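Note that the chains take the letters A, B, C, D and E in the order they are written out, and that residue 1 is the start of every chain.
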Amino acid sequence: MTSNERLALVRAGLSARHRREKRFRFYGIAAIVLALGFVAMLFAMILSRGLPAFTQATFSLDVHFDPAIVKVDKKPVRSSEQSPAEYAKEISAWERKVTMVNWNKVIEAAVRNAAPETTANSREILSIVETNARFELRDMFVADPALLGKTVPVRMLASANADNWLKGNIDRSLPDAQQQLRDPARALADQLMAEGKIRNAFAWHIFTNVDSRSAPASAGLAGAFVGSLYMILVVIVLAVPIGVMSAVYLEEFAPKNRFTDLIEVNINNLAAVPSIVFGLLGAAVFINYFRLPLSAPLAGGLVLTLMTLPTVIIATRSALRAVPPSLRQAALGLGASKTQTVFHHVLPVTYPGILTATIIGVAQALGETAPLLLIGMNAFVAQVPATPLDQSSALPVQIFLWQGNENRNFFEARTSAAIIVLLGLMLTLNAIAIFLRSKLEKRA
Amino acid sequence: MNTAIIATLLLVLLGLAYQTGWSRSRRLAPAGETKLHSRPVYHGALAAIWTLVPALLIFALWALFGETASRAYLLAQLPPDVLALGSAELESTLRRIRQIESGFGVVGDALPWENQAAQALREFSTLTYAAVIAAAAGTGALALWLANRRISLRLRARNEVERVVSAAMITCSVVAILTTAGIVASLLFEALRFFSFVSPIDFFFGTVWNPGFSTTGQGAAGEYGLLPLLWGTLMVASIAILVALPIGLMTAIYLTQYASQRTRSTVKPVIEILAGIPTIVYGFFALVTVGPFLAGVGDTLGIDIRATSALTAGIVMGIMIIPFISSLSDDIIRQVPRAMRDGSLGLGATQSETIKRVILPAALPGIVGAFLLAVSRAIGETMIVVLAAGNSPFLRLNPGEPVSTVTVTIVNQLTGDTDFASPQSLVAFALGLTLFIMTLILNVAALYIVRRYREQYE
Amino acid sequence: QAQSRDIIQIAGSSTVLPFSSIVAEEFGQAFPEFKTPIVGSGGTGGGLRQFCAGVGENTIDIANASRRIRAGEVEACNTAGVNKILEVQIGYDGIVFASSAQRADFAIEPVHVFKAIAAQVAVDGKLVDNPYKKWNEIDASLPDQPIALAIPASNHGTREVFQERVIAEGAKAADLPELSKEELEKVTTSFRQDVVVEIAGDYTETLARLQSNQDTIGVFGLSFYDQNRDTLKVATVSGVTPSLETVAAGEYPVSRPLFFYVKGEHIDVVPGIAEFVEFYLSDQMAGLGGTLEAAGLIPAPAEEIAEVLANFQEGKVITVDDVK
Amino acid sequence: MNENTQLEAREMHMPTEKIVARSDLYEMESSTVRTPDAEQRPVRVTARNVSVFYGPKQSLFDVSIDIPEKAVTAFIGPSGCGKSTFLRCFNRMNDTIEGCRVTGKISLDGGDIYDPALDVVELRARVGMVFQKPNPFPKSIYENVAYGPRIHGLARSKADMDAIVESSLQKASLWNEVKDRLHEPGTGLSGGQQQRLCIARAIAVSPEVILMDEPCSALDPIATARIEELIDELKQNYTIVIVTHSMQQAARVSQRTAFFHLGNLVEEGPTDLIFTSPGEKRTQDYITGRYG
Amino acid sequence: MNENTQLEAREMHMPTEKIVARSDLYEMESSTVRTPDAEQRPVRVTARNVSVFYGPKQSLFDVSIDIPEKAVTAFIGPSGCGKSTFLRCFNRMNDTIEGCRVTGKISLDGGDIYDPALDVVELRARVGMVFQKPNPFPKSIYENVAYGPRIHGLARSKADMDAIVESSLQKASLWNEVKDRLHEPGTGLSGGQQQRLCIARAIAVSPEVILMDEPCSALDPIATARIEELIDELKQNYTIVIVTHSMQQAARVSQRTAFFHLGNLVEEGPTDLIFTSPGEKRTQDYITGRYG
């Protein structure tokens, strides 16, 4: 073959090859565009639904602590001969009394005061105020009994139904029978809105309150958020080191025999086990055997750790496998021990891969609900956990509960808002990992 | 007991041991004329391990048996008439005394003997607590002294530390085995109970899934054919992979081989977001957006596609697992040495030829790992299928029709209102076990395939 | 570790979950000395599974149930050492048929539903594959609308009610030929695949299903319907409109009782259980006009509640024989 | 061919030309300026004012050279002076190094190879390369050699391909050692075997210009001699550029030699002249080993 | 030291011994059998009946040799004959190759290095290696050199380490080229620079025995000369084994030479004798380039 013939042959193939190259490149771009498109679509969906939930109709009312309604004794003071226990008893009896006060009357009076000409009856008036407003007034009073007889400005949430009405989540033209609020209540809400006594304020309480069923408008994410955070910490602290260590062992140290094959297959297999089965396991092991408390983020975190482990191990092993053997030989030849070789040279090269595994594994754990079901974390919990051993809920659980809430018009947005918070948490964690990863990648 | 005190004690021991080990070993080899076998850090670490292990052991023993001891002591404090009570009441009395002791959550007034017992218990606890702390500190110190004596020029501290490290690593990998054992154990017993209601033949080869609801005393009402569920699982997972594999792999390839560093560092994390969106969101995305869209497309094409179908679920699930393939493959492809790439490019290969013929084969084992992970995730996923697949456990070939999957059924049967002692609920365990065994077989196959086609570069 | 749990743990039926959550929250507000109980989900079966896992700090105290506990479950409980199972019935749940508010009204009889969804129906006294495509083919009084139903899947307690009260009743009026018991059973449990969607999730899923196909008729809980009146329209069953009153009076045929089960062994050990139960059954909660009614629970008559409370306070234990 | 006779003359060490120091010529790009030698032998590749930067650091300074057709040009110079860097410019392998920037102009048969419209794939098919570090693909030995012909579609059949593989391995004198293990991985070969495999891989596509970066560095004298024979044979039809550290080798195989130092082309000319009477002191020092 | 004088004598090419063909000696392992040379110079490493298999294929056949202390032993032989394979046996680098199996006995200072109780890490710290293909770590140049001293705890302070790094790079005559870019990645160096970096890295831990697999393959004559000087200097204190393809190099730097062919050790003896009057025809053919 002369060189011209050869060149002719090469050239003959060239255009087809370039087309293939272009096509291949196009596939690449198309894939990225598609993937990004999906992200954009999901984000658009979540944001457009969730953002409205971050503002909520809020009353600003002048509340008069009318002594005629708030009929309680003075707050007891501790006398010198009283033991702390006795004092505590007395205080709690007094608080019980304060709770028994019909605070709804106080609220009704405040609303009537703001709109004197309303035709709504007291039930209708109360239907536009969040039901736990009475507890807020109570707490204000307990904290400062001197309020008795005074008039102070108070911010109170509107009820979920009122919020729906004011935001137009419910078709305003529907007949009375299809509305949640009665006609006078709707008119009252509109009027107060027009007068500025109800305003759409930023819903801080989403971040500060815990979940609530009886007062849905005041339901917040604080408990779930902290619970999720604890769980994620447990997962990161356990799954990543354990996963990386076992990946390293299996890939670098373990003799290649039946037993390690078994482990390998085993781990791959665990990745496919439905997450709820991990819940069964967790209930049997952590709750029944190790006697960890129910609904504790620690138990949840442990279950999620088991669930995330295969992901971390598989991904780390894949990364380790891709490290060229010449690198290992270079270190071994210098008299580095196997352990040193792995930890000084091989692992650093795979940090990006490990971080990716962590990101993906933790993200998966963060969004998981099913396994929590069986260890009591799929629950309505009205407290912020102080330690990982306290009962708590988790963000995906919260999403699940809100998503199933019957007051759809209100909770559709709430659910999306919760998703936004969850994504926010996830993105923050990711951002840290990604920052680290890009640093490490640059170094390599 | 105060975990903070224990933690502090352990930390102090640790620091002390490390420091003494380190400095002692360093003093042994002053000006470089003699040489330590291992570097001082290893001596330090070894001393720390030596010191911590006995102390930890004591705490562990206490954690295991302290409860029994204090219980025995408490029982000795109780009046005989209380001891004569039934076990449940005795338990509740003990609990009550403990509550009194901790001064927390006591309902009603405490009786004098209760107070006495609580007082005694409190003293006992304080005493044992102090004793244990002292013992731990003492053994720790002793161990430290011993460890220190062992330090010599020839002490193979590094080897010993590495042995500990590798023991730790083995322990870590055993976690996976234990998990498996735990899962099998927690499934097996109940699955066997299920098979006492339903014959395995009906279960494994049945083509109808209709468990019915559990009515009192009716036992195995309904049919428990596994095949429709299995078929659904297969169909949904395959569709998901058909979506995710090309998109994920091409994304990874483009990002590593073509895209600029900047594009890569923004696109990659953005795509990773897909992995973190709760699956329930995907479910709604499928139900509200993708399903109707597909149905519309089907209409215009004249094919019957239901809004909720295997196709919908599969596509959306595919979207979810894109980052599993793209990000993991990305990292792996990047590790292929550039000499490989240069070798191919230097021969006049186009980028795509280089990628297809050299880089991908070299990165194959890792990519297969990523792929397996994605498949596993697809098989194990529930929420999307619940919402988007139509939950219709019938054997149907058309992916445009609704299906149901094994995992969804597990969740449904386990968390529904069915009697937990009935086959309706127990079938979940049998399903779990079946899925487990099936994926096991798949994985064994995958292992052998990867072994065969592995290309090891230098 | 020696410190025992001071917070009540509840789990179980997702139908009861909202009610229990509300009571838990109010309980926490009303009794400052007790913490707000934790209310988990997991379904009746799942809840009872946890309930019957044994006695101790890390087992739940109360299991919510949308059906009665079964003999097998009681046995399992007893085996695990849970012997004092106290039953508390809190009221009723109404099950309604609802369609999109934009569509025509429905006045259905059980037989309509049977004919709409059974895989085989009687035509001229013979069993044939279901030929109906639209409701008005079944009965001229029904709207001219394609048949589509979203019914609860078999893992739901509602399904049982649905089959007993609607399908079985409907089959009786469906002019079926003489059938053996097994054949009848088969006819009443095999449904058409093309028009029936089985919902394994909760009512939101049913609603989503309705939104994606406006012709669908879905099965909902009364309270869910109540909160979604703007989009849903309820059908009458046998001429009765479902409402708190008609269900409570026993006129509306499709309803079921709701329960929770208390672990007697935990009373006094976990503080507040007795107080919680009493609070739950108090007038301001489960009573007529109480908070739970507003949330969609159909209250039981006062004397029924009183009896339940009395049984609880007496410590009347549920045994296998009680539920056989 | 009259060229052949001329080549033979060259090999007999007949000084026919004078050496021209780099600085006297090529001050700017100009196609009329030619080295005397190039005027006699058609020029295949010309480089003008080529500079290469790795990031901010310049590693090659304004190099201009003509590479004559059907002859062997040797690049010599101390380690790190930029030989490989310059060599990589000829088939644009520098494009693949991040942060590497090439300025100046290089043309092959008169066409600018850095022309954006140019097809680098075709360029690399015409200008083959053997890398300094052997880099066999993690494939079988056979596949390593068959790779190039396959992507370029040079073999019509399996038999064709077998023939190409065999002859390439023969030429690289590796055939005898590997003929029984053609389907074992190429990475399991010894260092020298890998190097010969890479040579076989490169010549399997018979490029017109072959760039060889120290092709004999891992070879024993005998294998080296064989490769040198191969080079000699190849130069009948092809243009060859070789980087070598062995003066002897340069003297043996090349017709022209270019000496690089610290990124500069110090001088360039017919090999015999460079070795016998170099124009620059630096060159002389290097050749006689007095350097540094 | 009297040894030094002896060494000098050797370097002056004074034939003091007769060459003994391998086949006459070492039929079995026997500690009393010694080459004449080894009897005069203490033996550091002995190998007896070493065979190496890659999977089913045997690549080294029953090789026995003594490596004398404080001297340079050169392994020569055609490419693929098993030199690297044998070299890797001395610090058990073959352990890291999957499917590679070593039989026979090798001892260092009398201790069996394949003894399972032996700490290979310590062994490798004592027996350093420079690989045939330069394989710098993907770290900075400084870190590449500092790594060994760091893990072996050879530097007490940063200043110590700086000194070690500088002197190692100096010895490998790389210092001038890289002193301004110590913190740039070692992988961005030219081929020859990488090779010298690997040499610097190996000598930074001052191993007692240094195995060098073609340490000068990518180096120009000047750099080669420097490395040879380094080797000469090192042999005052260390034992050195070097694989080389250059007869000249072997003649220049080594005191003993072993010739391998097709996996067999053909003969072994004092370098001058091997080169002047080899005992076997194969050796002679190879040395005079008449082989193959």
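General remarks:
Methods note: a residue touches a chain if its C-beta (ideal position, glycine included) is under 8 Å from a C-beta of that chain, and two chains touch if they have at least 3 such contacts.
As the structure is a prediction and not an experimental result, all values here were calculated from the model.
Contact with both chain A and chain C is made by B.
Counting steps between touching chains, the shortest path from chain A to chain D takes 1.
Ranking every chain by how far its Cα centroid lies from the centroid of chain D, the top place goes to C. Taking the mean of all protein C-alpha atoms as the reference point, the chain centroid lying nearest to it belongs to B.
Just to note, of A-E and B-C, the chains joined by more C-beta pairs in contact are B-C.
Distance between chain centres (mean CA atoms), chain C to chain E: 83 Å. In whole angstrom, the spacing between the mean C-alpha positions of chain B and chain C is 35. Centroid to centroid, with C-alpha atoms defining each point, chain B and chain D lie 56 Å apart.
Each chain gets a centre from the mean of its Cα atoms; for chain B and chain E, those two points are 49 Å apart. Contact with two or more other chains is made by residues 158-159, 284, 288, 337, 348, 350, 353, 414-415, 456-458 of chain B. For chain C, the set of residues that touch two or more other chains comprises 41-42, 46, 201.
Shared contact sites, meaning residues of chain A that touch two or more other chains, fall at 10, 17-18, 21, 325-326, 337-338, 349, 373, 403.
Which chains touch which is summed up as A-B, A-C, A-D, A-E, B-C, B-D, B-E, D-E. Of all residues in chain B, those touching chain A in their complex are 158-159, 162, 165-166, 168-170, 172-173, 175-177, 179-180, 182-183, 185-187, 246-251, 253-255, 258-259, 265, 267-282, 284-285, 288-289, 319, 322-324, 326-328, 330-332, 334-337, 348, 350-353, 355-356, 363, 365-367, 369-370, 372-373, 375-377, 379-380, 382-383, 406-407, 410-411, 414-415, 429, 432, 435-436, 439-440, 443-444, 446-447, 456-458. Contact residues of chain E toward chain A in the complex are 91, 93, 96, 121-126, 128-129, 131, 133, 135-138, 147-148, 151-152, 198, 201-202, 205, 207. By the touch criterion given at the top, residues 67, 70, 88, 91-92, 95-96, 98-99, 101-102, 104-105, 107, 125, 210-217, 222, 284, 287-288, 291-292, 307-308, 386-387, 390-392, 394, 402, 408, 412-422, 424-425 of chain B touch chain C in their complex.
For chain C in complex with chain A, the residues that touch the partner chain are 5, 7, 9-11, 14, 17-18, 20-22, 24-26, 28-30, 32-33, 35-36, 38-42, 46, 50, 53-54, 56-60, 101, 201-204, 207, 221, 223-224, 226-231, 291, 295-296. Chain B contributes residues 32, 36-41, 156, 158-159, 458 to its touches with chain E in the complex.
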